[in-house]
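Here the chain labels run A, B, C, D, E and F in written order, and each chain numbers its own residues starting at 1.
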């Protein structure tokens, strides 16, 4: 048991990772469900009304976690993709492909909820300021990554080509993050700064953090299930998959 | 209750955001599970066919 | 010099070959056989480093060609199905540019001589686009005359050539091997070169036969 | 059937040939020789009506092919340096479309059979883009098996084919001639087909020789 | 006869489906061009409404012009065009089939997409209808006229510019009457005159286009 | 090292000279696009002046995007790209040479032509100068970024759309800041902020473009 936990390297092969992914996926699925339900309850019934923006500010509880996740997932995805490119490990590339759609979903949600917030706050659904523009670019980078991989038949070429695109796009992430500081734009600055204290009502802060962790668990759950599907597709000609399927292995 | 849904005049915006977020975040896991299951089924069929062939 | 171990290749769902191994030393010539679609072109491109093998390793002087990178390609000339010449440039221009990039710049005179030797007298300064199939192939092959790379990888070099050119090319290849060079080539044509003291490698014996 | 008189061709500043004349009748095979660049391809394309001669005339059954137009092309299959197949379509699709346009629609089953006969079993429904050089050539040549045009004009049909395919193609050509068809072909390869009772035509004897 | 026409049509559509996204190339170009303008110009609705018909029509013209390159080039490169010339079929019929397939892939999507893009520019329902109608008449004319240019410049050095120079003079009237009809509608005037001229151009193009392209192809293949 | 760079540069320029009109393709497209607008929109100077920076920049972006196709495709088709990969030279250097040649043929002419076209739209001398300057900074960035997309999609089904999808998100900032700088000048505001951003993008593109394209080419040649 203990040797199994220690030997992380072992999990870099799809054979060993497949069952682990199943368990991880299930667990984080439950965690995500619980955290998000709690988070939703708090955002509507516990968190106080904002003195400036009234009830409209509650959008923050999806907008901000979604925006963070969209950036975070991108960095993780690019990391896996880069690892696949350099070390030629199949599993890391599969992880990258598994993360992309979820990242795109969060990027879309940050745009969508941002627009639904912007209309009452700024009076416009959309403006071309630095943060919004770079967030839109992030969304298109996800789409480009997926479209590129989808149009390449040879899986290894798809992995490698996608990795290059993902790595080039990493430049965009710090730009999004710091855009509000570098240019004074319409968009709000970060209320919660890395390392620094928060300038926010603690209940609001906790609600947001709970939602964020819920989204986080959600992303892990979905990515794990997706990576299982990808592993099965890519490794379908190997004996271990055939054996697994023969055994009817529910993993 | 009605007051709650009105969200102090921001109903459209708040529910437009939360609604879309919830719908998409409910749809994605379903789609992914469906994808895994259909891959699994396809492989099971291939394995079955192969074992019949070799028989 | 060139060592291949445990090489395997997948294309689409097909495993073209696996566990392929051979060794080639100075002065040796390897003739790669196999029917259409058996994977000869794929193997040659892999030996050049253009395609990554699914498994196995290719070594040049003991080191993996992936690690060597440009130190390997410096010793290599590859002539494939495609001629790799620009139709808008003349034979001389094509030859001079490609040899400069190969790291062996040649003078204008040298280029004219090489083209004349390969049988393109009077056609050296036409854009290669207007040349006949065989003449275009000759322009591509002229690189062999001005290059002193050690390893030649030739994918059906005799295609489209007339008899005189086939004879000349065989002489050039023999000369190169005699001077200690390594040559790997495929050809479906019967040429005297591939008989005699030549290593042979057959690909894809196990393929489905579909002939009448 | 096919009569050529006083044909001359200029390309660029060069007179490739002039005063060329020959006749070909039912069941005859013409082998066109000549070194690279002597004008074989040019002549064949001219016989198809793709290029207008600078002088001279080409007649089919006594009438000029220019006047006949589509009544001539109906009797003709031309396979040139380029395969004339679409890389994105499968072998079966390519074959069915080209034969429908040629005026001889073939059933799906017939197309599969023809491709199998020419040695593409297991590759019939891959996009031809992924096939090897020789396999692509085979797809093009499969047209000969499903077509009943009388005149076949083949420009280096054996290029890129392996030995089995060369043998098969020779048998197909012999069969066609035996059934009263006309065949004109060029090839630089030594094949048994071009020996024996075959008309020979040599182009460009007068060209400058430039060999080593 | 009809069978041949449909074989060519089906062949070209099949090819597009196989390359999947060829279907979208022209459309994407059109959408991008039309959508970039608000980015470059700024979001004032009044300005945008003013320039909408022009922008959409210019984008459609450019999209059609750029798509021309793909009408014969691929068939030329792989030798299938040569084979088409050697079939015992009337070449202009084959060419008409190719042009129709080409329009269905490059023209029709523009017609269908235009109203959605027009919304960005705040056009009225009536103006949107007129936009679609003019494009429906105009884009086939562009494809038919363009085919002549594409056939003439096949395989020539710098075909791209040459095509542009050859076909633009013939494209511009289509642009002027097309955009004119929409503008007339936007400003509440009748557009019948413009429309009937567009129709006449279409008929003329239908008569001349396939014949002239077929002749041009024979010349270009030498 | 430098000799290799110049060999590639000379080679690509020579090729363009041989095909002569390749030199003009992009330029002609640019000129046509910019000039068609007055035809489609009508001749009111006020409207035109308003939309000028946007139109010119959008046209430049489109022209650059369309030209990308020609960056590697010809070399890929005739097998010379494969040969470039097999030379003992650092691939990113060769790629940089190709990109520079490409920009000199497709980008530089736009920069030089822009002021003349701007005159049509009644722009002030100052605004014209700013237009040239932004294009001079922006178009090389477009070529460098675009090269990555072109290399990644080489030989793929429907490369055209894919390139657009991949590079547009990265092109849009260039467009926004480029057109923004000119607009700021037209309306009498300072353009330094925009310009320094454009400059930063160019530097970043110069660092990343050749490296990433070289890697992408290796992947695409498999």
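Definition applied: contacts are C-beta pairs under 8 Å (C-beta built on N, C-alpha and C of every residue); 3 or more make two chains touch, one makes a residue touch a chain.
Here the structure is a predicted model, which means the values were calculated and not measured.
Of all chains in the assembly, none touches chain A and also chain B. Of all chains, the one whose mean C-alpha position sits at the greatest distance from that of chain C is B. Here the CA centre of chain A is 59 Å from the CA centre of chain D. Centre-to-centre, using mean CA coordinates, chain B is 40 Å away from chain E. Put simply, the C-alpha centre of chain D and that of chain E have 37 angstrom between them. Mean C-alpha positions place chain D and chain F at a centre distance of 45 Å.
Shown for chain B are the residues in touch with two or more other chains, of which there are none.
For chain C, the set of residues that touch two or more other chains comprises 12, 52, 81, 88. Chain contacts: chain F has residues 18-19, 157-158, 162, 165, 168, 172, 176, 222 touching two or more partner chains. Partner chain D is touched in their complex by these residues of chain E: 3-4, 7-8, 11, 14-15, 18-19, 78-80, 82-90, 94, 221-222. The part of chain C that touches chain D in the complex is made up of residues 11-12, 34-41, 81, 116-117, 119-123, 126, 130-135, 137-138, 156, 159-166, 168, 171, 188-190, 208-212.
Within the complex, the chain F residues that touch chain E are 18-25, 28-29, 32-33, 36-37, 39-42, 47, 50-51, 53-55, 57-58, 61-62, 66, 157-158, 160-162, 164-165, 168, 172, 175-176, 179, 183. Residue ranges of chain F in contact with chain A, taken from their complex: 148, 152-153, 156-158, 162, 165-166, 168-170, 172-173, 176, 193, 204, 208, 212, 215-216, 219-220, 222.
Of all residues in chain A, only 29, 36, 40, 44, 49, 54-56, 58-59, 62-63, 66, 101-102, 105, 108-109, 112-113, 116-117, 119-120, 218, 221-222, 225-226, 228-229, 232-233, 236, 241-242, 245-246, 248 touch chain B in the complex they form.
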